[in-house]
Each structure stands twice: as C-alpha cells, then as structure tokens.
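Below are structures written as structure tokens.
You will see two complexes here that share chain A, one where it goes with chain B and one where it goes with chain C.
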Partner chain A sequence: MTSKTKQSFRWKDFINAFGPLFGLLLVVGLFSLSADLRPVFFTGGNAKMILTQTAIVATGALGMTLVIVSGGIDLSAGSVVALSSVVAATLLIQEVPPAGVILLTILAGGFIGAINGTIVAGFRMVPFIVTLGMMGIARGVAKWLANNQTVNPSENPLNRIMEPVQPLNFWPLPIGVWITIILAVLMTFVMRYAVFGRHLFAIGSNEDTARLCGVRVRSTKIMIYTIAGFFFGLAGLLQYSRLTQGDPTVAIGLELEIIAAVVIGGASLNGGSGSIMGTMLGALIMGVLKSGSSQMNWPTYMQEIIIGIVIILAVGLDKWRQSKQQTR
Partner chain B sequence: MQTKPSSRLAMRGVHKRFGATQALKQVSFHVGPGEVHTLIGENGAGKSTLMKILSGVHAPDGGEILLEGQPFRPENPEHARRAGIAMIYQELNLAPDLSVMENITLGREPSRWGWRQIRHQASQARDALECLDHGDLPLDQPVGELSIAQQQIVEIARALLGHPKVLIMDEPTSSLTRVDVENLFAVINRLRTTGVSVVYISHFLEECQQISDRYTVLRDGESVGSGDMKGADLQHIIRMMVGREMKDIYPARQTTLGEPIFEIENLSGQDKPLSASWKIHRGEIYGIAGLVGAGRTETLRACFGLDPIKGGELRIGTRVSTQATPRKRLAQGMGLLSENRKEEGLLLNRDLADNLTLTHFKPFTKAGFISRGKQLDSAQHWIEKLHVKARGATQHVGELSGGNQQKIAIARLLHHQADILLLDEPTRGIDIGSKSQIYQLVAELAQQGKAIVFVSSYLPELLGVCDTIGVMSRGQIRACRPASQWTETELIEVAVGQDQAHDGAKEGPQVPDPGNTL
Partner chain C sequence: MQSRWHLLWLSLCACLISACGPSSSNIEDDTVKIAVIPKGTTHEFWRSIHAGAKKAEQELNEAGKQVEIIWKGPLKEDDRDQQIQLVENFTTRRVNGIVLAPLDAQALVRPVENAQQSGIPVVVIDSGLQSESYVSFVATDNLKGGEMAGHFMAEQLGGKGKVILLRYAVGSASTENREKGFLKALESHPEIELISSDQYAGPTRETAYQASQNLLQRFGQEVQGIFCVNENSTIGMTKALREIGRAGGAVKMIGFDAGSQSIKDMESGDVQGLVVQDPVRMGYEGVKTLMAQLDGQAVEKRLDTGVVMITPSNLNEAESQRLLNPPIEDYLGE
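Showing the complex of A and B:
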C-alpha cells in the first residue's frame, strides 16, 4: 500500500505543479496554430502587453489566493480596486507626494479588508455575504468620493508605473509588472515558510482542527482579509496608472476574473489547497486568451465564452484528480 | 479504594447537568502515572461528557478534579492542553491538506520572526513519531493520503509534542483493523513506560482487558465501580454496566405473524453493513441491538436506497428489489425514520402540515396544485391521533419538544401508509412519557400487520417492545433470537463480542470527502 500511496502522491503533485503550466502552454500552442497570428503574437512587444494587462488581475489574485486557501472568498475585490484608483487620483489632485499616495492607497484597500475580516471572523458570518455587501459599499463610496465622474490628476510620476516605455520591445518591463513579480515571489515564501502561511492552509483545510491546535483562527482571518485588501489597493493603484485617471466605474466584475485566476491555478474553493505559482499561471492563461482572441479579431463574446469554458475545465480537472485519489 | 497521593489525575463527585438531563451525577475515579485506565459504559452512560469536562470543552457543575494533587478546572481546550491533558477524539482531527510534519506541529510551529524553522519542525515531528516507533512515516506527505491507522499515529504524535501528563483516547480502535489495533497497543505500552497516564475509552471489553491496568464502570452518569483489570470478571463488569430495572412502560401484546414481507440476505454496502440478513413478517417488530458504529444505521440506509448496495439481495414480499432510490422505496411502501431528527428527519423551519405530508401530497393535489385546506385537515387528523402537543397544523416543527417532533416524523410514515417501517433510534432524546406513547403506537402498527425494524441502543426498550432481536457487531448481524430468549447481558456480550475480532474493520486509506469544489 505504501508504494501505491507514494505513486499517486507523485502523480497528484505532478498535476498540481504542472497542470496550470500545461494549460498555459496549451493556450499558447493553440494560438500559434494560426499562421496569421504567429508573427504578431510571438513578439516581445506582445508578451509585454500581455504581462502589463495581466498585472492588475495578478496582483489582486495574490491577495485572493490567501483568502481562498483559507476557505474564504472576497467579492469586494473589484470595487476595492475602483475605490483605491479613485483614492489615488484624488490624493494626487490634493498634491500629496507620490510616495504618500502609494502608501495611503494601499492602506485604503487594507482598511476595507480589515473591516471584511473583522466581520467575518468576529461575527462568524459567511464571507460570501459579508464581501457581497462590501462590494456594494466600496463601489458606492468610490462613486461618492469621485462625485460620480472620473478623477483626472495632472501629469505625475505614478502615471508611469504601467507605461510600456517602448511598446515594440520586451525590455524594459513596466515597473508595475516587476512589482507583481517581486510580490509573487515574496508571497510564495510567505505561504511556504511563514507560520502564518501554514496556518492559512490549516484553517482552510480543517478550521476546527486549527482551533483545537491553538491556532489563533480569528486574528489570522482578520490578517488574511487585511493583507488581501492591501493587494487590492495596490491593484487599484496599478489600475489608476493604466488609465491615468481614477474611475469609480472601472473593474466591474474584476473580482470574478481574479477568483477565476486563482481557481484555474488549482486552488479549491473549499480551502486548504492552492499556490501562488498556480494563481500566477492562471492569471496568465486568462491574459493570453484575451490578447490572443482580440488579435484573432474574435468578438468579445467569444472571449467570454472561451474563458467560461476554461474555468469549468480547470475545476473539472481538479475534481477528477480528487476522485482519482479517492478510488485509489 | 482510596485516592493515592501519587495519583496523576483524580475526579471526585463530579456532576454536570444539561437542561433537563443530568449527564453526570456522581463520577469519581483516579489514574496514576504510567497507568492505562479504561472507562467502560453503555452508549449514553456519560463517558463523552466526562471527557469533554477533562479536556475543557464543558465546565463541571460541581465536584473536584485534581491534576497532580492540584485543583484543576480547565476553561477551554487550549488551557487543558497546556496543563498537560491531551485528547484524541474518535473522529480524527487533522487537516487533510497539510503534511504529516505540519499536522504534528500545528499550532506550535517552532519559528523565528514568524518564519518557521523547518529543520526544528522536522526534528520535533520525527522525534514524536520515533517515540511511537513510527519514524518511517514520510514527513512531507499530506495526511489525507495516509491510512486511518497512520492518521491516528499522526494524531497521537501531535498529542505527544506537548509532553502530556494525561492522554485521553476515545474509542481509538473503532475503525482499525486487528493488526493496527496491535500496533496501537504497542504504542500505548511505550507511552506507559514513559510515565504518561492514559485514559482509554472503548466498548470492546476484551480489548480493554488486554491493554489496561484498571477500569471504572459508568452507568447513567455515575461511576458504579472500579478495580484492577487483571483477573477481573467480565461478566461482573457487564452486570455493572447494565444494572437497571425494567419498568412496565412497555405495551403488553399478542403477536400474530403474517407472511414474510421484508427479507434481506447477505446485504453489503459501501463500507457497512458487511453482510446482513433478516426475514421479517407482517406484524413483527424486529429489533436491532449493537454499539454505535456497528453498522445499524448504515444497514437501514442501504435498505432504503440512501446508500449503495454492493452485494446481497433484498426482497419485498416475494419480489426481489435490491437496487432502489428512496423514491422507489417510498412507492413500495417502505418508510425510514432517521436517527437524526433535526438535521435529516424534519424540515424544522416548515410547519407541521408540510412535514407530515411531504412524502404523499397526492390525496389533496389537483393538477399539480395542493389544496391547503385538505392538507391541513389531514395534518390535524394525525396531530389528534398521535396526541401531538402543538398549537395547530401551521406551527413550525422546530418549536415542538423532541418527543412531539418525533411523533410528527412517525406520523409522516403513517400518512404515507408505509407497510415496512424502518425506525432508527425512534426514542432518542425524548422524555419517558413520549417514549411510552411511541412504544404503544409501534405495537398498534404491528397489530395492523405492518413490519417494523426497530434500531435502538437502549436495550430495555428492545427487550420490551420487539418480537425478535438481532445483534449487530462490526457490520454483521451476529445473532438473532426471539426477544424472550435474550437477556440484556447476553445482548451486550454479543455486541461487544470479539469472537470474529477486527477482521471486518475498514482497510486502506481514508480520503476525506472532497465535496463541492464549485
């Protein structure tokens, strides 16, 4: 039995680690079948465009991974991105120095996250409902703050975070992409090697056990939602920089794209499993799909259908893997 | 019997009440260092309440607990754990996605500035496992992929990490194979030599005799006797476990058996039952005795089509009908009363009428629309017939007392005009008056020629109500006789019997239900 256990253990590990990667290669491979697309698609400039477009979803997905691995969900992500883009723009108009704007915008996201976490953990409410409510609240506050219109600050250094300096070459990558990459590496370490990271998995895997073992479930949860909020705030900053304006109606439905990235990356909505690497690949798969289909001149409804299918396929694969484990 | 000063853990006169139920009346026992002490008692004798008090889940209403001579009153599980009381629950408490090492050290990971020190963590986990002679478990494997026996080792290792003084084990062998039980006993013996006190709870008397030094018998929330296990007379222990009187709350009845109506032969399910057979006639009340986990509920569920049937045959009347869905069974005139009234049996936030008529709307339905008036009339009929205490047919079931809820659940089977009634613990958690009414009702139904399967953990009622009693143990019906030829002692003997030992228990790894991943 030991040898059998070992074998399927590796098989599962294999799919876990490489499933999303195969997905990405498959998507890229399918697009490369088109002779028209190939010369445009496989250029440094296009790769840079994809990375830049993916950075916002990816940053949000870093935070969402924490939440989902712990067995929760955060539906307010899109609204928080919009809110913090408005916060950033408003602060810039108030002539707050760029460093201050960055800090305060991220803190604004974290503040919303802290409220989510406190309600979820303190009152033991279902995260779905709490963050659904917060989705409306944050969106409303964003519109209020922006006076129901876009906020347009004058030229400033923050506008360049997401700027593709030379659009036709891969290098140099925009700062925003680097920030995402660096944070992804950092979070990988946190998830693996920090006590916090392991408690995250423990709570998502079996909350009662975690409590029984003396894990501070409540404060860990508050921390999870707060950190997720920081990431959504940062994503809002990137969003601002991409549009160079604060727009309270931007990023509607972004939370679902973010959740999709996490799920395609192999996380289970039941909690207990998921990885930063998977999430990043999940975000990239969606980025490549979007970019590829628009370059194929497929209508947007086609993209939506395709991404929908990919989500179901990804989760189906996950389910199949689990049933494999069970029949062992 | 005196409390030795060297006693590691002592309880004196501990009592605890939950609402109207006196869960513990007078419990006293003591355990010395390096002693394995067995708590013996029937289902509901108060063992689990006792453990929950020791592990800080419940606070006692009164009495004294001494840990190493000091008064001890744990406020919560964490407090109890810090004080040196480690608990291993019957259901395993593990995070299936985390590795062996992470589960063992969960909640006390060695760390510096929030980063775990993996080398320390690994060596701690390794030490704990080696202490149990299981150093070969792979530290980085997710525990969800281990066998149950291995998972249990991980739990024990986790308990050992805190260097406990007292280790409480609740039914640790109930899902283990014979070989695994021997391994577990080797582990317990090792712990004994290191001076850890073990409180061991099990239904299996032979097992207890094999592993423990001393025992205490609990009955109806009281400790009724303790002594050295060596040379103890099992008959005597069983008599202490049972030791109550029959009360005449049972109906006097004349049984006339009709033709066989419900027969199963070597029925086996997913996990339990392994092989169950019976032949039940019209007018017969067939009782099933056995311990929790013996497979009684699973057998009923399989019969009713809730769980898959893997082998054997099921006959209703003369027709073979092994595979079915609950819908088909209902159509065949079978009804199941769930042991889990609140979660499975009733729609607590719906009214009596809906609950009563749920399986059989037909009499008052026209073109798919239900006549509410007729539905209420029908419900009212049953409410009066069964003397249900309720404001009316529109009251929510959740507002009734347990006994009245149960009557509603039974009334649903009657409204459905079921001929074969599977009753799973029909008197669980209800007062004595309602119990007596339910016995009466069951007797009347049998008189009308219905066949009734009556599962209960309370032996006197089985003996008082049933015509025939079969005893289930480890997934099989071991013995079946007319009720008049059984005594309580004999029933327990067969139920806890080790005759065919553990060979029936579950093999192979347990994988947690993945559930919905959305």
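Showing the complex of A and C:
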C-alpha cells in the first residue's frame, strides 16, 4: 500500500467523522443556549444519564454498521433485542449462573443473525425482505417464550449492568457503558485494519468486484450478520438490565433508531462507507436530542419531529459530500 | 490534516470535560417544581389527573406557595423504557419532587429508588410499585372496583350466564387488581361461567378493538356479559359488540373508567355499567401529598381515592356528573 492511498483513507475518515462531530457540537450548543437548562444540562450526572440511555442503541448500532457498510440492512434488530432480553430473563429464572446467561443471550442473538446471513448469502435474497420476515419471527418467538407476559427474575448481578449508581455524579459509569465504549474501540480497529474489515468495504462498494478479487463473499456475509446478531444479543442483555425484566414488547422500532444512528454517522445505505466513530456520534446526537428536549419540557412529539429532521439533514449532507468527492 | 483532526478531538474533549465538571452554582428561583408523569397522554383519564394536579397547583399558589407542575408522559402506554428515561431526566434535572403513575410495577422500581436516593421524593399514583421506597401511594382500591363490577354483573345476569373478562396488559398492577377483584366476586356466583379470561386488550384503542373483534368472532353469539378493565378496551369492545348486533343490552357490558365515548355508549344503552374512579382527586391528592412531604409534614403511606358504580339510573345525579365530566377545562385552560 502506497502512502498516497493511506493518505486518502485518512481523508475519507476525516470527512466521515467531521459531519457527525459537528452535529453533536451543534445539538449540545443548542441546549446550552437556554439559561434555564444550562446548570442542569452540563452536569456529570446528566452526561452519565445520556451515555446510559444511549448504550443500547449504540451497541446495536455497532452491529448495524457492519451490515450497512457491507451494503445490507437488518430490520430484525429491535425484535432480536426483545427476544434476547426475554432469553436472559428466562435463563435467570432457571437459575443459570450469570456468566452462562451472558454467553447464551449473546449466542441467541448470534444464532438469529446466522440464520439471516445464511438466507441472505446462500439464497441471494434481498436483506430487507429476509430481515423484515425475521423481525416478525423473532418478535413472535419472544412473546411465545415469555408466554405473552413480562418475565421477572428475582434480584441478581445482571440487574447491576445498567444501574446508574449515584445518579447525580458522572463516576462510576455503569458497566454497560464501559462495555459499549470498549467494543466501539475494538470495532474501530477491526474495521480499519483487519482483513474482515477491509472485505466489508469491498463487498459494500462492489460485490462482484470483491468476488473477482478473491473475497469469499458468501461466508463473509454470513459472518457479518452473525456478528451483528451478537451485538443485538448484547444490546438485549443491556435492555434486560435496564428494565430488570424480560419484556417481549420492548424495543419496537428500535431497529429504525439504530439505523438512524448509523446513517446520521455518515454511512451510506448503498454500502461501502461508514465508520464506527461516526455511528457512535450519531447515536450520541440522538441521545442528547432526546434528553435535552425532554428537559426543555418540549412535548415528546417535538423530539420525534426533530430527530426526523436530523435524519433527513444527515442523509442530505451525505449526498452533498458524495457529489463533492465525485467532482474532485 | 493530522493536526486538524487532533484539534477537533481536543475541542470535543474540552466540551466533555466542561460538561462533566462541577456544575455552576444553581441559581434557581424558589419555585417548587413538581414533575407529574402519567402512563400515557392520550387517554382522557390522564387529562383528568392533569386537571387535578393543576387544581392543587392553583390552590397552593393561592395559599402563597410557589409551585410549578411539569406534566410529561410517554406517548404510548407500554413504553416502559421511555417512562424510565423521563424519571431519570427529572432526577438529574433535580426537580423538587415527582408524582408518578408507573407503567410497570417492576421496571420502574429502580428509577424510583434512584430518585429517592438522590433526595427527590416520589409519590406513586394510580398503579402500584413492587417496592416500599416511595413517599405515598395515592390510588383507587382497584380490587374493590373489580369486585364491584363482578357483583353488578351477577345482578344484571340474574346470577346465571356466560361471561368474558378482557384483560388489559401484563405488569400493570392497577388493572391486574381489577381483574383479580372481578374473578374473586364471580367465585361467589357459581352459576356464572367464565368462557374467556386470557385475552389482552393491549395499549391502544386499536389493539383493544382488534382483540375484541377476535374474541367476539369466537364467542359473540353465546356470551351474555363482558367486563373490560380500562377505558380503551371498554370503548373497543362496545364498538365490536355493535358491529355484530349484540349491543344495546343483549350482552351486559360493564366497563372501567369513563371517557366521553363510554358515556355516550351508556346513554344509548350499549353499556350497562361503568366503574368510575376519581382521577381528578388522584392528581390533586398526589401533588398535595408530595407538597406535605416537602413541607416536612407526616403523610399517609396509602390513600384510597374511591370508586363508584355508574349505571343508566344514576347517570344524571350530581355526584356522577362530577366524576364523569370533571371541570378539566377550568384547570387546563383549554
């Protein structure tokens, strides 16, 4: 690899991260305009709360970034989160030790992902349709497993993962937030330096070319959806810990929030571009918007409208960026 | 390139550090801020609670206290996560107190405990919590309300017949107690047969309507009495009954709570009984109790706000009208 191509990679990363970063500063700035909100918004407790509330979307978005960069989509994310939260709660009731519960819950997510990947890659079906079907299947299985109820295990260590101990101070951060941060750092390296990461971009940019270049597209795709599934399973575990119950009706529409985070973070739904850092910033932008507008006493529907506008703006920005790159 | 990149990250870090640093001294006025968090905002029931809270606010302000009610709820009644976020937001915002109608008896335990630990007292209204960590529980005795419905059903059917109980949702303590009360009352009427009691109406009028249609598809021709445990399911079921031509008394319809639609349905003879709570009083007492706690007075751990059975015969009495048409507009200024 020549130094020139290396340089251009950096440049791309830079633009990709700059938009979302600017967005995040903008929303933080927006809420700092209100003199009433400033003293409460800029506190350690509030920063911690936003991070905690964002952790579930962010964890899911780590997996979704892989899928979207490879040119796919996974609509089953929300349902898989609900299903794995039920799996975790059910296992806890069966008195499986916590470490086993963590492992099996994440594996359950990965299992669904592997099915998605196998169908998408093996039968060359459109991911939108396959995962739309899986969205219904996983939701149904969650309700079946939970017997149409919420599953309430007794007090256990997993309830602690998302617990905001000392809610008014920044430290200590909940373990769930640390897990998300560590995984984000890890995935940044995987995306940038690992062979698997480079193959992702290759498949997303042009699948046929990737195949001709010797990328094993089919097995890589199965792996992508499976890993994404692991992340959704982990998000489900965090969701369980947040509610301290398995709830088969939780996270309806979460997949759209996750996709929004990835897209706001600068990924293109056509595949081939996107970054973990951008995605994390995208998730944070939505988290800050949600908590800020709630604390501004804006009605809930205002948040929905604003986040909608932000998504369209982000994609518009992405379009503009692409046209700039082409003219260069 | 590289240096610009670093500059950006530095500026972000600076932002974060300033965000996490000790907060500047809180120059707030003396207004006591009380957050009132309902289960949802679309039911008329919650508007009545809002009116009650406003009524308390007005009274307290007239008494020379500066009190501000902040009214905010999740859009959907099954969005536990959103309600947890609201409680957390108000905790970090450091309101003076929270009045909460918990969506779920278990999921809201920790946020409430956290608020209490942070020195923000919480009064629970309407629906119970599986914890003792709150100031007071101000609500209807729902078990009593359910029993009342059960006995009234037996009376309407002459002690004999096939009935359906349409449940609301799992995890909602208030409606589960109504269901329990209804079933308990039926035990003392052995000739009443329960043909379905395992279906759930769900959170919206649409889900309730669908569940009702499905139930009536199966049992519509044999059922003689139906009990629905909340406003939406009562309205949805009555609509479904009308469609199959069995409304108007052929099936004895008993509901819980009264929105304007249910009252219309009762006037036209499609609904035989409505167990009615006093949501205005619940909102009012919730805020008053919290204020008493903030003022350092002793408060009751449990406060019953009462239930009444409304039937076509007592529909027009003054007491019924006060409950059915609370002067919401006077307080909400709409």
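The definition used in the following text is that the second predicted complex is superposed on the first by the 312 of 328 C-alpha atoms of A that agree within 3 Å, B and C clash if a C-alpha of one lies under 4 Å from a C-alpha of the other, contacts with A are read in each partner's own complex, and residues count from 1 in each chain.
Just so we're on the same page, a contact is a pair of C-beta atoms (placed from the backbone, for glycine too) under 8 Å apart; a residue touches a chain by one contact, two chains touch by 3 or more.
If you're wondering where the values come from, they're calculated on a predicted model, not measured in any experiment.
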item	value
Clash or fit (per the criteria above) of chain B with chain C on chain A	fit
C-alpha centroid angle, chain C to chain B via chain A, nearest 10°	130
Touching partner for A:249 - first (chain B), second (chain C), both, neither	second
Partner chain in contact with A:318 - chain B first, chain C second, else both or neither	first
Which of chain B and chain C A:270 touches, first, second, both or neither	first
First (chain B), second (chain C), both or neither touched by A:300	second
Superposition-derived comparison: chain B or chain C, residues of chain A touched	C
Minimal inter-chain CA distance - chain C and chain B, angstrom	14
Residue numbers on chain A that touch chain C, as the complex places them	7, 10-11, 14, 17-18, 21, 24-25, 28, 38-40, 42-47, 49, 52-53, 148-150, 152, 159, 163-164, 167-168, 170, 239, 242-245, 247, 249-251, 290-291, 294-295, 297, 299-301
Complex interface listing, chain B residues touching chain A	77-78, 81, 93-98, 102, 106-109, 111, 114-116, 118, 138, 141-142, 144-147, 158, 508-509, 511, 514-518
Residue ranges of chain A touching chain B (in the complex, touch as defined)	1, 5-6, 8-9, 193-196, 198, 201-202, 204-206, 208-210, 212-215, 263, 268-270, 272-273, 315, 318-319, 322-323, 325-326, 328
Chain C residues touching chain A - in the complex, by the definition given at the top	1-2, 4-5, 8, 11-12, 15-16, 18-28, 41, 70, 72-75, 78, 80-82, 84-86, 88-89, 91-94, 104, 106-107, 109-110, 114-115, 117-118, 170-171, 200
